[in-house]
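Dropping a structure here in C-alpha cells format, bear with me for questions.
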Amino acid sequence: MAVGLEHFLILSAVLFSIGLYGALAKRNAVVILMCIEIMLNAVNIAMVAFSRYGHLLTGQVFAIFIMVVAAAEVVVGLALVIAIYRSRETVDVERIDLMKW
Amino acid sequence: MSIPYLSIIIFLPLAGAIAIALLPRADPKRIKLTAAFFTLLSLVLAIALFFMFDRSLAGAQFVERVGWIPPLNAHYFLGIDGLSLPLVALTALLGFIAVLVSWKIELRVREYFVWLLVLETGILGVFCSLDLLLFFLFWEVEILPMYLLISIWGTGRKEYSAMKFVVYTLLGSALMLAGILLLYFHAGTFDMVELAQLGLGPALGSLLATAIFFLLFFGYAVKLPLFPLHTWLPDAHTDAPTAVSVILAGIMLKMGGYGMIRICIAIFPQIARTYAPLIIVLALVSILYGAAVTFRQRDLKRLIAYSSISHMGYVVLGLFALSQVSISGATLQMVSHGLIIGLLFALAGLLYDKVHERDITRLGGLARQMPIMVVVFSVAGLAALGLPGTSGFAAEFLVFLGSFRSTMVAGIQIYTVIGVLGLVLTAGYILWMLQRVFYGPPKADYEGAADAGKLETFYALVMVALIMLIGIYPRILTDVINMGVLPILAPFG
Amino acid sequence: MPEVALAIFLLPIFSFVVISLIIRPFLNKRPQLSWYVTIASIGASLILSLWMLVEVIKAPGHVLPMPDYQWLVIGDTSIHLGVMADSLAAVMLIVVTVVSLVVQIYSRGYMHGDPGYCRYFAFMSLFTGSMLGLVLADNLLFLFVFWELVGLCSYLLIGFWFHRPEAARAATKAFIVTRIGDFGFLAAILFLYAKTGTFDIGELQHLALVGAIGGTALTWAAIGIFSGAVGKSAQFPLHTWLPDAMEGPTPVSALIHAATMVAAGVFLVARLFPMIASSYEAIMTVAIIGGFTAIFAATMGMVMNDFKRILAYSTISQLGYMMLGLGVVGVGVARGAVALEVGLALGVAVGIFHLFNHAFFKALLFFGAGSASHATGTFDIREMGGLRKAMPWTFATFLIGSLSIVGIWPLAGFWGKEQILSQAWHYAPILFYLAMITVFMTAFYMFRLLFLAFGGEYRGGAHVSLRESPAVMIVPMVLLAILSVVSGWLPISEFLGGESHSFFGALASPMAWASLLLAALGILLAYAIYSKKWISAESMRRRFAPLYTIVSRKYWFDELYENVFVVRILVDGIFALFHWFDDHIVDGMVNGIAGGTIAAGREIRRLQTGQLQAYGLAIFIGILAIIAFFMIFG
Amino acid sequence: METGIAISFWILAAVMVASALAVVWLRDIFRAALFLVLCFFSVAGVFVILGADFLAAAQVLIYVGAIAVLIIFAIMLTRETQRGSPSGRFRFIAFLVGLLFLVTVTLVVVSTDWHAITEIPAEPTTSSLAQALFSGESGFVLPFEIAAVLLLAAIIGAIVLVRER
Amino acid sequence: MGVLEQFQHWLLGYWPSWAAYLVPAIVAFLVLSSFILLVVMAFIYIERRGVGRFQVRLGPNRAGPLGILQPVADAIKVLVKEDIIPSRGDRRIHWLAPIIAFMPALAIFAVIPFGPRAIFTDINIGILYIIAISSLGVIGVFMAGWASGNKYSLVSALRTVAQLISYEIPLMLSIAGVLIISGSLSMVSIVEAQSIPFILLQPLGFLIFFVAATAELNRTPFDLLEAESEIVAGYHTEYSGMKFSLFYLAEYTHAFAISAIVATLFLSGWKGPFLPPALWLMIKVFLVFIVLFWARSTLPRLRVDQLMGFAWKGLFPLALLNLFITAAEAIIWPGFPWQLLILNLLIAALLIVLWSGLFRVAGERVSFHRYGRGIAKGMALTFRHLFRRPITVQYPEQRLTPAPRFRGNLLVWDEERCNGCRACARACPVSIIDIETKKGDKGLIVETLEIDFGRCLFCGLCVEACPVAALFMSRDYEQASYFRESLVVKKEQFIAAEKRPSAYAYPDLEAEMPPQTLLAPPKEKG
C-alpha cells in the first residue's frame, strides 16, 4: 500500500506518545531524558515528512535546528542529572523535589 | 499670562522639599523654618492669585499650555477657574498650617517635611491641571508620601491603615486610569476643556459613556468617601499624624469632589443627570450613615473623621442636584469643610499632644484648663454643625437651597429634606462630643494640661476668622465659584 | 432711618465683639468693664427702639419702609437681607430691650465675683443683639440666621457653669431639641423658597393670601414653621429642654427662658400669622397644641418642688396660652367667622399683648427666685419658708408678680388672658374649658409656691443668715413689679390692630368674673393646703397617688426622649447597627478580600509538588483540553 | 521502487516502535539505552526513505554518535542502574494522556486533507539544504548563528555544572 | 554511475524490480567483503613483518613460506580457542558487542571508490556517511566494556570512548578543509577534484587527519587502552575465541578503511599515470598503512591525560585554524592555484611550531627543537632499521655465540679428568651435585653423577673448585622441559652432551672462543 504523508505523521504520533508516556511515567531522570529524545525524534520525522510531501526544504532545516536544540538539551539535562546525583546520591525524580512547597 | 504663576505655585513646595533634603546641617529648627518659608511663599502667591483672578471671566485663567507628550496629544496644560481657585488657596493655606501644626515633630524631621511638601505639590497639581493625564499624574503623586507619612509617623495600627489607604486609593485610581484611557481612545485628547465642549455623551453611545463615567466616578467616590468605599478614611485619619490628617481631610477629600465636577459632570452631563438619583441616594446614605456611626465613636479623631464622611455627603448631594446654586454650594461646602475639619483635626492633634488621650470617655472637664482650646474647638464644632454665621451654614444652606429648586432630578425635594435631617444628627454628635470632652468637672489626671501655645492659637484664630468671614460674607467665594460653575452647567440650559 | 433699625441690633452684637475680643483676653482683671459696655449698648438700643416705636406709631399703617441689601447672588437666584419695622416689631423691640436691660442690671449683683463674668455679659449682649435681629428681620433666611444664633446663646448661657455636668447636659439637650424644631423650620423655608422663589416675608404673606401657594404645600410650610416655633417656645412635644434649662444662672432664665427667646416662637407665628392662618389645618394644630401645652405644663407645675422649675412650667403654660390665642383667632379667620383683615390683626394683637405682659411679670418672678436662692443658697422650696419676714421687698414684688400671672383684675396678666379666653370662647369652646382649668391650676401652683417659699417658718438646714438681696437686685424687681401692673393698661392691642377694651368694661363680661372666681378658688386651695395646712399635702398626695406620680415624673417624657428614643433606639439601636455594619460588613469585606486572597494563595501553593512530571502532565492535559475544545467547537 | 519503500517503511516503523516501547518498558537502563540507539537508527532509516539523506547522516552522527554516547556516559556515572527504571506514581495517567494524545493526533491527521505531493523528489538534498540554510534573504543564517551560540552556552553550562568543585 | 548500478539497470529488464536490485547488491557485497578480508589478512601479515623489520628482527617466518600463512594460523588458533562468557556480565550484549564493533569498519567500504566507476554506491553524501558510520564504533566499545561485567573493562571502555569522541572532532574538521576545496561530499567527485593531491594543498589538514585517525584506530601512539602494559587488555579483556578475533579483525578492517579514506581524500585516490586505478589505490593504501605501523613501532605511548589534552588543546584548535585558513583561501583564490601549496606548507609548519610552543610537558616548555626533531630522528632511525639486516637468530637452528666467559647451563663434565674428589659437590652453595664413587683400580670411579639444574645458580663455584679442571660452564643457554625431574642431569647425559665449554675460570681458553654474537659490541667511534 503506497506510503502517504499520513503514515509518517501517525508513526511520529505513536513515537511521540510512547516518548511522552516514558517521560511522564519513569522515575529515573536519565530515562526521562531518553524519552524526551524519542519525542524530539518523532517531531523530526514529522518535519521531514512534511518537507518531503510538501516540497519545501524548510521542514528539513527545522529538523536540523531541532537536532541542535536536542543536543544542547541533552548536554545540559545530563549535566544537571549528574550534578543532582553528586549532591543527592539519587536520580529518582520522585525524591528530587527540592522545589516542593 | 507671561509669568507661569501656576507652575511656580505647584512646584514651590517641591522646591522646598528638595531644599530641605539638601540642607547641610539637619537640625529640626532649620528644617521647619525652611518648610514654613516655602509653604508661606506659596500661600502668599495663592492669595495674590486669588485677588488677581478676574471674576467676570468664565473660562480658565493663568493658562499654561506646553506640549508634553506630543504623540499622545497630552499637554502640560495648567489653568484655574472659579472652581479650582478657592481649592488651590485652601490647599496652600492648609499646607502652611500643616507645617505649623507639625512644629513638634521630632522623629526623622527631614524626611517628614520632604514628604509633606511633596504631598502639597501633588494636591496643588491636581487642582491646577486641565489635562487628564497630568491630572492623573498629580493624583498619583500624593499616594506615596501619604503612605510613608502615615506608616512612619502615625500612631496605633499605622501600617494597617496606611496600607488600606494606599490599596483603596490605588484601586480607585486604577479604575480612573482605565476611564481616562477609554476616554482618550475615543476622544483622542486629554484636554478637559475640549472634552467638556465635545459633549461626548451621545457620541460614545450610552453603554460606553456610562462605563467611562462610572469608572471615573468610582475613582473619585473612593477619594471623597462615598458610602460603600469609605472605610479607609477613619483608619487613615486616626492613625495619621496630625498635620497629615489636616491635609488629608482638609484637601485630599476635596480632590474627589473636584474630580467629580471637573470631569464626571462636565464631560458627561447627560449621564450624570440620568444617574443622579442613584448617586444622591448614596450621598444621603453616607450623610445619615456617617452621622449615625459617628455617634458610636469613642476616639476623638475617629469621630471627626466619620463626621467628614457625613459632610462630604452634602458635597455629593449638592453636585448631583445639578443646579447652579447647589454646585456652587457644594464647592463652597468643600472649602468650608476643608477649613472646619482641618481646624478640628489640628485641635484634636493638639489636644492629644497636651493630654495624650484620645478616648472621649476618659476625657472630660478640660474647659477649665484650656480656655482657648475650648473656645476654638467649640467654634469649629459649631461651624461643623452648620451654625448660621459660620461657613458651614452658608455652604450647607446653598446646597439645600440649590438642590431644593433644581429641576434636573425628579424627587429631589424628598432627598434634600432627608439631607437636612442630617443637620440634626450632626448637631447631636458634635455637641455630645464637646460636652463629654470639655464640660463637666475637671478630672484629676489632666490637672497639669497646658493650654494652646502662642503658635497654635495664631493659626487656630486665623482659621476661625476665615470660617466666620465666609459665613458672614460668602460672596467673596461664591462669585468666583459661580463663574466657574457656569460653563459646566451650560449643557443643562 | 434704616441705620437706626440696623443700629438697634448691631449695637449689642458690637458690644459682644468688644467684650470677647478686647476685654476678655486682655482686660480680664477689671471685669466690670464688660458690664458697662453691655448696659451702654442695650440702653442705646432701648432708646432707639422707643424712638422707632414713636416713628411706627406716626407712620401710616404702622409700617416704615426699609431698604434691603443684597447678600448673595448666584446665577439667577439672589438673596436680599433687610429690616422690617412694623407695629409687631416695635412692640417686640420694646419688650426685649426693656427686659434685657433690667436683667443686665440684676445680673450685676447676681453674677458678682463669678470667674466667667466677662464671658457672661459677652453672651448676654450677643443674645440681646440676635434677639433684636430676629425681631427686625424682613426675610425668612435672615430670621433663621438670628433664630439659630439665639439658640446658640441659650446653649452657651445654659451651659455657662460648664463645670457642672447637669448644666452641660442641659445646654446640649436644649440646643439639640431646638435644633429638631429648626429642622422643620429650615425645611419650610426651603420649601417656600422653592415654591415662590423669595424669602421676603411680606411677599410670602401676599402670595399666601392670594393662594398662589398650593393648599397642601402651604399646610406643610406652615406646619414646618410652627415646628420651629414649638422647638423654640418649648411647646408640647419639644418642651423637655426648658425645665432642664434652669441649670443656667437665674438672670439667664429670667431673660431668655421667660421673656424673650421662648417668646420668639410665638413672635414667629405672629409674624407669619396671615400665611399660617390661611391654611385651616395648620392653624388648628397651633391652637390645639397651644391649648394642650397650657394645661399639660400647668399640671406638672403643681407638683414641682424646685423654685425655678415651677416657674419654667408656668412659662410653658403661658406660652401655650399665647399660641392658643393666636390659634383660636386664626381658626376664626380660617372658618371665615371673622373678616380676613380684621381677624389677622386681632390674632396677632391677642397673642402678642399677652406675650408683652407675660415678659415683665415672668422676669419679675424669676428675679424673686434668684434673690431667694441668693439668700438661701438653694432652689428647693421645701427647704425654704419664712422668707416673708427676712426679705420683705422680694416677697412684695413676688406677690405682685404672682397676682399678675394668675390674672387678678387690675394687673397685666388679667387683660391678656381675658382676651385669649374670650376669643377661645368664640371660636374653640373645648379649648376654652381647658384654658379655664389651666387658670385654676396656675393660681394654685403660684400660690403654693408663694406660701411654701415665703410663708411659714424657715425649714433650711444650716442656719443661714437670711438677709435681703442687695439694692442692685431689688431695684430691677421693683421696676418690673411696676411694669407688670402697668403694662396691662397700655393700648398695646389697639396699636397692634386688636380690639380696645375699657378699664372697667372688662369687668362687665361674665368671662372675666368666671376666671377671677376660678383664680380665687385656686388661691384658696393653695392657702388651705400650704399656709394653714387644713388639708395635709400628704393626704392629697396619697389620695391622688397614681395621678401624682405620673405628673411628678413629668409624664416620663424626659426618660422617653433621652433614654428610650435617643439612647436605646437611636444610639444603641440603629447607630449601633450601622456601626456594627460598618465595622463588620463593609470593613469585613475589605479585610475579607485580603484574607481570601492569602488563603487562596496558600491553597494554590499546594499545586507545586516539586515533581517535574506532575507539571509535564498538567501541560499535556492542558494541550489535550485545548485540542478537544477546538475539535468540538470547530 | 514503490513497494521497496513501502516494505522498508513498515519494517523500520515496526523496529522503531518496538525499540521505543523497549526503551520505556525495560527495567535495565543500559539495554534501554541500546534500544534507544536502535530507535535512532531506524529514524535515520526513515529519513533515507523520505529522501533526506543529509539529515539521515546528520541524525546518525548527532544522535547515535553524540547523544547516545552521552546518555550511556550518564548511565555509567550514576550508580542507579541496579534499581533499573521503575515507573512513578503517574503511570496510569501518563498512559492515558499518551493514548489520548495519540488518538487526537491521529484523528487530526486522518481528518485533514494534506494535499501532499506524492512523486518522489529524486535529487540529493545537501546542496539545496545548504542553499536554504545560508542563502541571503530567505536563508536561516541568523537562526544558524543563534543555534551556534546556543550550543556554546550549553557546553559551557554543562561544564560549569559538572565541574568538580 | 557505478558498475553495480549499470548491472542492476541491465538486470531490471529481466527480473522483478526488487530482485533486480537485491541480488546484485548481495553478490556485490559478498565480493567486496571477501576482497576486504583478504586485504586485511595481507595487512596483518605485512604489519607483523613490517614492525619486525622496523625492530631489526625478522617477524613471523615459520608458518608457510616467509610466514605468509601466519594470519591463517592465528585465525585457526583463535577459532579453536574456548569462547569464555563472563557470568556477571550481560550475555546477549557481550555476544552482540563485537558485531557492532566490526560492522562500521566494513560499512565504510561501501563508498570507497576503487576506480572512477568501481564504487559500491556513489551516494552524494559519501564522506558524511563515513563519519557517521565510524562514530558507531563507539557504541560497540561501550557494549563490550559494559557487558564483560568487570570494572577494569568498563573503565577502559569509558576511556576508549572518551578518546574516540575527542579525536572524532579534529578528524571531521580536517575533512571539512578538504571538502571546502573539493566542493562536494561525494567521494568520487573529491577524487576527481584532486588534480593536485590534497596532501599538498592541505598539509596541516592531512597531518591532523592522520594523527586523529591513528587515535581513532587505537594505534600505537594512542593505543594506551589495550596495550599490554596498561589496564589488562582494555575493553576486550573478557573476550576470547571467535569474539576476540572479530575485534581483532574489526581493528584491522578499520585501519584498512582509514588508509583507504586517507588515500582517496589526500592522495587523489585511484589517480595515477600508468597502472589501473584500483591498483593505484591499493598501492597508496599500503603506503599509508606502512606509515601507520611505522609510527607504531617508533613513537612512545601517550598517558591518558596527555592523550585527551593533545586532542582538545592540540589538534582541535589547529583543525579549526586550518579550516579557517582554507575557507579564507577559498574566498581569496577560488581556483586554489598550485602556488597555494607553498603557502600552505609554510603556514602548516609555522602553526605547528607556534602552537606546540604553548604547551608545557614535564615542567618545561615544548620546544620544536626537542620534540619536533626528536620525532623526526626517531622515525628516521626506525626507517634506517629497515635497511639493517634483522638480527633474529632462528633459535633452534642458529644459536648465538655467547660471550667467551658466558656461564650457561648444562655443565661440561670431562669424565676422564674427573677423579671423583667431590670438591665440586662441596663447593656448591645449594649442594645440588651428588656424586657417588666407587673404588676403581686407578682411583675413584664416578659411579653416579646427578646435578639438579632446576636449582642450579650458575655461580660457577663448582667449576672454580675442581682441582682437575674436569668441570666447565657450558655456552648453552636454553634449558626447558615439561617435568622437574628431567632437569636432573645424569652422568650419561653429561657424557652424551655436545661439549661447548665456556672460558669461565679458564682464561687461557678465551682466545679460541668464537666471537660473541649475542650482544653486538658498540661500534667503535670514528
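For reference, chains read A, B, C, D and E in written order, and residue numbers begin at 1 within each chain.
Everything that follows uses one rule, which is that contacts are C-beta pairs under 8 Å (C-beta built on N, C-alpha and C of every residue); 3 or more make two chains touch, one makes a residue touch a chain.
Treat the numbers as computed from the prediction; the structure is a model and nothing was measured.
> Shortest hop count from chain B to chain E along touching chains?
3
> Just to be sure I understand the contacts, which chains border both chain D and chain C?
Per touch definition, common to chain C and chain D: A.
> With contacts counted as defined, which of the two, A-C or A-D, has more C-beta pairs across the interface?
Counting C-beta pairs in contact for A-C and A-D gives the edge to A-D.
> Among all chains, which one's averaged Cα position is nearest the averaged Cα position of every protein chain shown?
B
> So, comparing C-alpha centroids, which chain is the farthest one from chain A?
Result for the farthest chain: C.
> Can you name the chain that lies farthest from chain E, using the mean of each chain's Cα atoms as its centre?
Centre of mass proxy via C-alpha means gives C as farthest from chain E.
> Can you compute the centre-to-centre distance for chain A and chain B, using the mean CA position of each chain? Integer Å is fine.
The answer is 65 Å.
> Indicate the whole-number Å distance between the mean C-alpha point of chain A and the mean C-alpha point of chain D.
7
> Could you tell me the distance, in whole angstrom, between the mean C-alpha positions of chain C and chain E?
So the centroids are 135 Å from each other.
> What is the distance, in whole Å, between the centres of chain B and chain C, each centre taken as the mean of its C-alpha atoms?
Each chain reduced to its C-alpha mean, chain B and chain C end up 37 Å apart.
> In chain B, what residues contact two or more other chains?
Residues: none.
> Out of chain C, which residues touch more than one other chain, so two or more?
Correct list: 611, 613, 617, 620.
> For chain A, which residues are shared contacts with two or more other chains?
Counting only residues that touch two or more other chains, chain A contributes 20, 24-25, 93-94.
> Applying that definition of touch, give me each pair of chains that meets it.
So, checking each combination of chains, I get A-C, A-D, B-C, C-D, D-E as the touching pairs.
> Taking the complex as given, what residues does chain A use to touch chain D?
1-11, 13-22, 24-31, 33-35, 37-38, 41, 44-45, 48-49, 51-55, 57-58, 60-61, 63-65, 67-76, 78-83, 85, 90-94
> In their shared complex, at which residues does chain D touch chain A?
Within the complex, chain D contacts chain A at residues 2, 5-6, 9, 13, 16-17, 20-21, 23-24, 29, 32-33, 36, 39-40, 43, 46-47, 49-52, 54-55, 58-59, 62-63, 66-67, 70-71, 73-75, 77-78, 80, 83-91, 93-95, 97-99, 101-102, 105-106, 109-110, 114, 116-118, 121, 125, 128-129, 132-133, 140, 143, 147, 150-151, 153-155, 157-159, 161-162.
> Could you please specify the touching residues of chain C with respect to chain D in the complex?
611, 613-614, 617, 620-621, 623-624, 627-628, 631
> Per the contact definition, I'd like the list of chain A residues that touch chain C in the complex.
Chain A reaches chain C through residues 20, 23-25, 32, 93-94, 97-101.
> Which stretch or stretches of chain C touch chain A in the complex?
605-606, 608-613, 616-617, 620
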